[in-house]
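Have a look at the structure that comes next, please.
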Amino acid sequence: MSKHETPLMDELENGPWPSFVSDLKRQAEKSPQCWDIIGQMELSFKDRMTHWKHGGIVGVFGYGGGIIGRYSDVPDQFPGVAHFHTVRLNQPSSKFYRTDLLRKLCDLWEKRGSGMTNMHGSTGDLILLGTKTEELEPLFYDLTHDLQWDLGGSGSNLRTPECCVGKARCEWSCFDTQALCYGLTMKYQDEIHRPAFPYKFKIKFSGCANDCVSALARADLSVIGTWRDNIRINQAEVKNYLNGASKSGGGAIPSRADKFNIKAEVLDLCPTGCMWMEGDTLKIDDAECTRCMHCLNVMPKALRPGVEQGASIMMGAKAPILEGAQLGTMIIPFLKVDPETEFEEVVEIIEKCWDYWMEHGKNRERLGETMQRIGLPTFLRVMEIEPLPQHIKEPRSNPYVFWREEEVEGGWQRDIKEFRKKHAQ
Amino acid sequence: MSKHETPLMDELENGPWPSFVSDLKRQAEKSPQCWDIIGQMELSFKDRMTHWKHGGIVGVFGYGGGIIGRYSDVPDQFPGVAHFHTVRLNQPSSKFYRTDLLRKLCDLWEKRGSGMTNMHGSTGDLILLGTKTEELEPLFYDLTHDLQWDLGGSGSNLRTPECCVGKARCEWSCFDTQALCYGLTMKYQDEIHRPAFPYKFKIKFSGCANDCVSALARADLSVIGTWRDNIRINQAEVKNYLNGASKSGGGAIPSRADKFNIKAEVLDLCPTGCMWMEGDTLKIDDAECTRCMHCLNVMPKALRPGVEQGASIMMGAKAPILEGAQLGTMIIPFLKVDPETEFEEVVEIIEKCWDYWMEHGKNRERLGETMQRIGLPTFLRVMEIEPLPQHIKEPRSNPYVFWREEEVEGGWQRDIKEFRKKHAQ
Amino acid sequence: MALSVDELKEKILEKALKGPKAQLYVKDFYACDPESKPRVIKNAANELVKEGKMVFWSSGSTTMYAAKGRAKDEEK
Amino acid sequence: MGYDPQNPMKDRITDIGPPHYEKMFPQVIKDNYGKWLYHEITRPGVLKHVSETGAECHTVRVGSARLISVEHIREVCDIADKHCQGTVRWTTRNNIEFMVDAESKVQPLLDDLASRGGRFPVGGAGACVSNIVHTQGWIHCHTPATDASGVVKAVMDEIFEQFTEMKLPAKCKLALACCLNMCGAVHCSDIAILGVHRKPPMVDHDAITGLCELPLAVASCPLGAIKPSSVKLDDGTMVKSVKVNADRCMFCGNCYTMCPAMPLADPEGSGIAILVGGKVSNTRTGPAFSKMVVPFLPNTPPRWPETVAVVKKILDTWAANAHKYERVGEWAERIGWEKFFEICDIPFTDKSIDDYRLAYNTWRTTTNFKFTNHIK
Amino acid sequence: MGYDPQNPMKDRITDIGPPHYEKMFPQVIKDNYGKWLYHEITRPGVLKHVSETGAECHTVRVGSARLISVEHIREVCDIADKHCQGTVRWTTRNNIEFMVDAESKVQPLLDDLASRGGRFPVGGAGACVSNIVHTQGWIHCHTPATDASGVVKAVMDEIFEQFTEMKLPAKCKLALACCLNMCGAVHCSDIAILGVHRKPPMVDHDAITGLCELPLAVASCPLGAIKPSSVKLDDGTMVKSVKVNADRCMFCGNCYTMCPAMPLADPEGSGIAILVGGKVSNTRTGPAFSKMVVPFLPNTPPRWPETVAVVKKILDTWAANAHKYERVGEWAERIGWEKFFEICDIPFTDKSIDDYRLAYNTWRTTTNFKFTNHIK
């Protein structure tokens, strides 16, 4: 583990954005294997190719997830990264940290690994980047004993659930994202740590339709906060926007903030056209509102979500491999999310879905792909959910209805001989 | 052929809409087999089922289209319709008729058939409804000799082309729909009368984007008029709309015509938002206009298509059997349609497309289905058409590009042994 | 009648040890007892891992099971 | 002269095409071809086109059953001879158009038409329901799931004043097709009436080998529901035939198109579906498919009251709620389909949820929706 | 104490989950949980949340490379200890947030951050480009077609002021994924940088049986391009292996995921595609996929100038032309994709025309289009 010539890497120490190369070099002072990280990266920059190989069976004993095995394909040149497994730690909901805990983690990872991390992985885990096979068990031991901290998911497991900042620091959260995220994480520890499914399963929680955790793009099941009564309007604050005392979007778009034009910026952009002014009083026909959040975003002081709050449940989002990407599909338009009942309603839906998917999902078939394969009507039937127009953007345009025999008067059995009596060949 | 008891049919003689039953009865005085038509229809009304069987091979000698064979499955009850073949006559373009010709046709059909017709069939043919096999040849003889009139298409033929009223009586037609329709009909008599293709092929012509012949829904190839310069504005007439002297839509929507509101009725409904008023002068940013026809429709006196006129060519529209319906897909955004050159450019496109489809189309595969199967990029390549953003609504969202070997630097042949020298297993 | 957990584990292990496939999806074990729910089978297989008789093999995205020693193992 | 069966090829004329359109034109059309400047709708069913030459063409549009007799056509000719110098035309929606070249000639024409016992209703222009584009049904076709002319008559009788007046927010294009082949533009209509089957085909084993090629029958099924099979007939002989896996059948009827020994029509099984919101014109928004909102209504001749009621309800609800110029589909998109079902009082069923190809594109992938009475 | 390799099961603790979130909260967060009333962005990168109790939380958001060392984290902890009572958080886009409970504490914090040699750029709030969500690339993954951290650094250096200021019409969400697996939300981002392969996999016949299960490799290909095959090795032995039908391959890499003996990465073959116009929020319009506008740019480390230029061009063109609040995709839809290609000066290729599943839905089925310089 020695310093290598790394002119390409070094170039990336220039420029205003924080440099991971400088950071690696700083860490290398304490964790010399970082020189080999830089060295192998340099080689990749030269070869324009990765130099990592597949992982395989590494993991901590009894867990089927949480570790991604990784080996260098040039271990002789870079022995410091011959093994370079990552460890996925289940982040605390919404990723708040106390420094005492973080410092302990830093020390532990400097001792047991490369000292490099990802804060955070795309699924939400805190990722410890690069260690040897033999360090895994000791690391896990210290982690659980000293830090009371457990691994997240990988493989065909429930993946580490993730949520937006929600009620902790946002005025719009329509349910308690942290509580639900943490509650389900604890309830499903087994599913997170040991493979249970045909393929990965991801759950994400956003407190409102802004979806700050991108659940609708990335989660097999997403819970998105909403309300079913009326937007709360503070008319005095509406006037403050009109007279310029408050800034649109809380000041988020200063470059285009000449004078607030409520018609152009709110009324005309409301997708349902359900807002209008009567003098300087703002009116909303809430029955027409789809709670898209636009007007609340523009006038955060004047408008607030209604008080009858809950969430929509969408299923099946995923990246494109293999059938093409899917966004979450509406499954439950509105549901109360109640910590009192330990989120009973949500749990029931999740488990009904798992039961079906575990039995009928094909290997490496994401939930969304299963839904596509069997069709939404069948999926709803399986889930015992009444079909609603809210499930669709628009009704089918092809005429190919799969009627079931019991739906058709007289069933399907007919006698061709009887038929022929009335209709000669 | 006697009068039958037809209480259900008789019911349909009531009501304000013209009654086909009364009409059948009127005709029955001259064509007694009409009693059997009414009789068999009555039976269908009772049985809630058709009483017709497949047709088979009837036709006129040497033609593979123009006749649809049909037999009753209750011929003993209704001998007058035991045979009930239809004859499709190729309508004159835009369906103008002189009465002398029509009267001759009436006489001929009373002599040779049931006396019943469809004016017109959904493809555009004039349909003579119901005759016996032995009448077909005599009918065809008289038709061609006395009326100089030929049959239209059916089966795996080019179907009878059809066009909107166009320049004959419409101010918006951007090319000569009748001339092109008639020209191609004459050029392709062989394709209309004898099967040439894997399946039916339909061509329709509309003079503008209003598409009064529904080509975009129904034609394997549609030619739709448009222009590429600026909408002609008559500002004096604009003022007449503003001051109420002219009625919006030429008076088409009187029930909602309180006072013409150019903003609500035109500017705000323009899909590209490319229109605005400067005082009472109407401005259009023609570079942004998609020539959707809305504003011209609303203010026919003030707005006219530009003068550099031509057409878009769309391909592949069809009804849902079997892959689901398709609308016409943009193939040529803009083309001059020039009678001087005998529509050379259009002919070239049609024949290039036929050449490919005849060779590569599967049996009973409509052009649109072929296009779907091979993909639009391949189809454009086959058609030697440069790919344009106008061909699509939006770029692909999946990342699955089928690169061809010649497009990739260094080709596809690689040596795994060389690779392994740099990347150990 | 569904098999007992022990019977189930026995069948699973037998399949992992002697079956033609070295690495199996959890679904491949469902056939060991059509009467048992997927969750029961999954739990039995996971217990065999805990007992050290089987191992998890993971591509990172996909997890499979193998009898100890039969997995495609980098470090062997 | 005439056709000689002994000598069928004698003097044979082929491939001469249709009569030339120009020869069919009224004089005012011929003279002003390509010169039209603008048009007005001077009263329901009456169009006035003005040419740059100053000439005018006044068109009186008249409803027609489409299924018409030569006697009726002769009457049309009588009218055309009397008022229109012996010319007449038909529209792409099967209406009849009488054209005159002066305003003064309109009223006499209208009076004449009105005197003919309701056979020539004037209308079908502007913001109205025009004629219902339709197909054969029980009058001629072998595959229909419902009738055409009868249903059209029943519907048009009920909404007749929407034809003769212009009280709608925009044009409303109705169409009917008697089976899934959808001859016509049912798949792109504001309101479409569609004949649908719901029972899988029977197989007429006695007759199948005589009536069709088995491999074609097998290949005809887009879902592979038809398989070759050997069957023992009543008389004990084994024949090659096919069997249908009814659970995979979607009742498209393509097998029957290819093989007459596989009928699917049935008095209870077959009936009508209602689709709405299609259009063809490119005005504002592009062409759009009609969407299935009622998957099944029974065949109830002679007046199909269930179908008539649904069509009228949709038409009236749209008329009462849409903006000016807004076609049915544009309106439904604007208010949202969940609202459409609610205010049209149409029960929502899973049959409206697509599960054929491309189905995923129609599922709701946003949390944006309106609460309706569907959500408890 | 500690882990005892001789006795691995001793005192083993499992399934305890993550630290409880509440224990991690700053005091002001704990006290005002669920009570927040509204927020403001007082200056770039600084949010002010006001509670119904009157309490305030001021958040300073700081950019991060995501790939960070424990030394860097310790520095974060130092700052948090000094200003934030020992608490800090990370956002869903990998920025660091320092929260203080009074306006007066903001400036000292900002000064401190500014003093640390550019390691803590403040920004990423409001109408800006926030951090680029990204993945592993050459730092850790085995399947990448490009790097992650390097490309992100190169792009962020170039558009740095879009992070530290708020000059855009709306938020612009950038993402990078190093292969088609698209770990992250590349498929729904305003501007996405995507690693793509363009050469079919090689097959390492010598090693394949040792490295993977052949049936899994065969089954992995969504297009059935992989078939079992017997191959003679150099030493003459016949082995069971697979062969790839290159013409059917779409370079998805799924085979390599399942079978390490089928690598596809290549210095020339692999590179970057640019996709634009996706979003996840439901604001105004629902979530939308990103669309591929540039199918391929070469891998040119360390600075990827071609990629940087395209991203900047799109960003600048959008910024100059979009309406307030209009996300990239909303803008492109409004002006039309043909205009997007024209004004962003991006060559249009057939690669942007979909020919995978559901492709038909993306073809233009209306005559409505704008003339651009593409039409001769």
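Letters A, B, C, D and E name the chains as they come in the text, with residue numbers starting at 1 for each one.
We adopt the following convention: a contact is a pair of C-beta atoms (placed from the backbone, for glycine too) under 8 Å apart; a residue touches a chain by one contact, two chains touch by 3 or more.
All values derive from a computational prediction rather than experimental measurement.
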**Complete:** Every chain in contact with both chain B and chain C is listed here as A, E
**Item:** Chain of greatest Cα-centre distance to chain D
**Value:** C
**Prompt:** Copies chain D and chain E touch; is their interface built from the same residue numbers (over half shared) or different ones?
**Reply:** same
**Prompt:** Of the other chains, whose C-alpha centre is the longest way from the centre of chain B?
**Reply:** C
**Item:** Pair joined by more contacting C-beta pairs (B-E or C-E)
**Value:** B-E
**Message:** For chain C versus chain D, what separation do you get between their C-alpha means, in angstrom?
**Reply:** 60
**Prompt:** For chain C and chain E, what's the span in angstrom between their mean Cα positions?
**Reply:** 35
**Request:** Find the geometric centre of each of chain A and chain D from their Cα atoms only, then give the gap between the two centres in Å, rounded to an integer.
**Result:** 47
**Whole-Å separation of chain centres (CA-atom averages), chain A against chain E** = 13
**Request:** Spell out, as numbers or ranges, the residues of chain C touching 2 or more other chains.
**Result:** 59, 61-62, 72
**Message:** Give the residues of chain D touching no fewer than two other chains, as numbers and ranges.
**Reply:** 180, 182, 187, 211, 252, 260, 266, 278, 282, 285-287, 289, 356-358, 360-361, 365-368
**Message:** Two or more other chains touching the same residue: where does that happen in chain A?
**Reply:** 47, 49, 51, 53-55, 61-63, 68, 190, 209, 211, 216, 224, 271, 292, 320, 324-325, 327-328, 397-400, 423, 425
**Message:** Strictly by the criterion at the top, what is the full list of touching chain pairs?
**Reply:** A-B, A-C, A-D, A-E, B-D, B-E, C-E, D-E
**Fill in**
Note: in the complex, chain C contacts chain E through residues 21-23, 59, 61-62, 72
**Message:** Can you tell me which positions in chain E touch chain B when the two form their complex?
**Reply:** 180, 182, 187, 194, 196, 198-200, 202-207, 211, 246, 250-252, 260-261, 263, 266, 268-269, 273, 275, 277-278, 289-293, 295, 333-342, 348-357, 359-372, 374-375
**Prompt:** What residues on chain B touch chain A, complex-wise?
**Reply:** 47, 49, 51, 53, 73-75, 320, 324-325, 397-400, 422-425
**Request:** Would you tell me which residues of chain E are touching chain A in their complex?
**Result:** 2-3, 5, 8-9, 11-26, 29, 33-34, 36-42, 49, 57, 59, 63-74, 76-77, 80-81, 86-92, 94, 96, 99, 118-121, 125-127, 133, 135, 137-144, 147, 149-150, 152-154, 156-157, 160, 163, 166-170, 180-188, 211, 222, 252, 254, 260, 265-267, 270, 278, 280-287, 289, 299, 301-303, 324-325, 356-358
**Asked** So in the complex, which bits of chain D are touching chain E?
**Response** 282, 285-287, 358, 360-361, 365-368
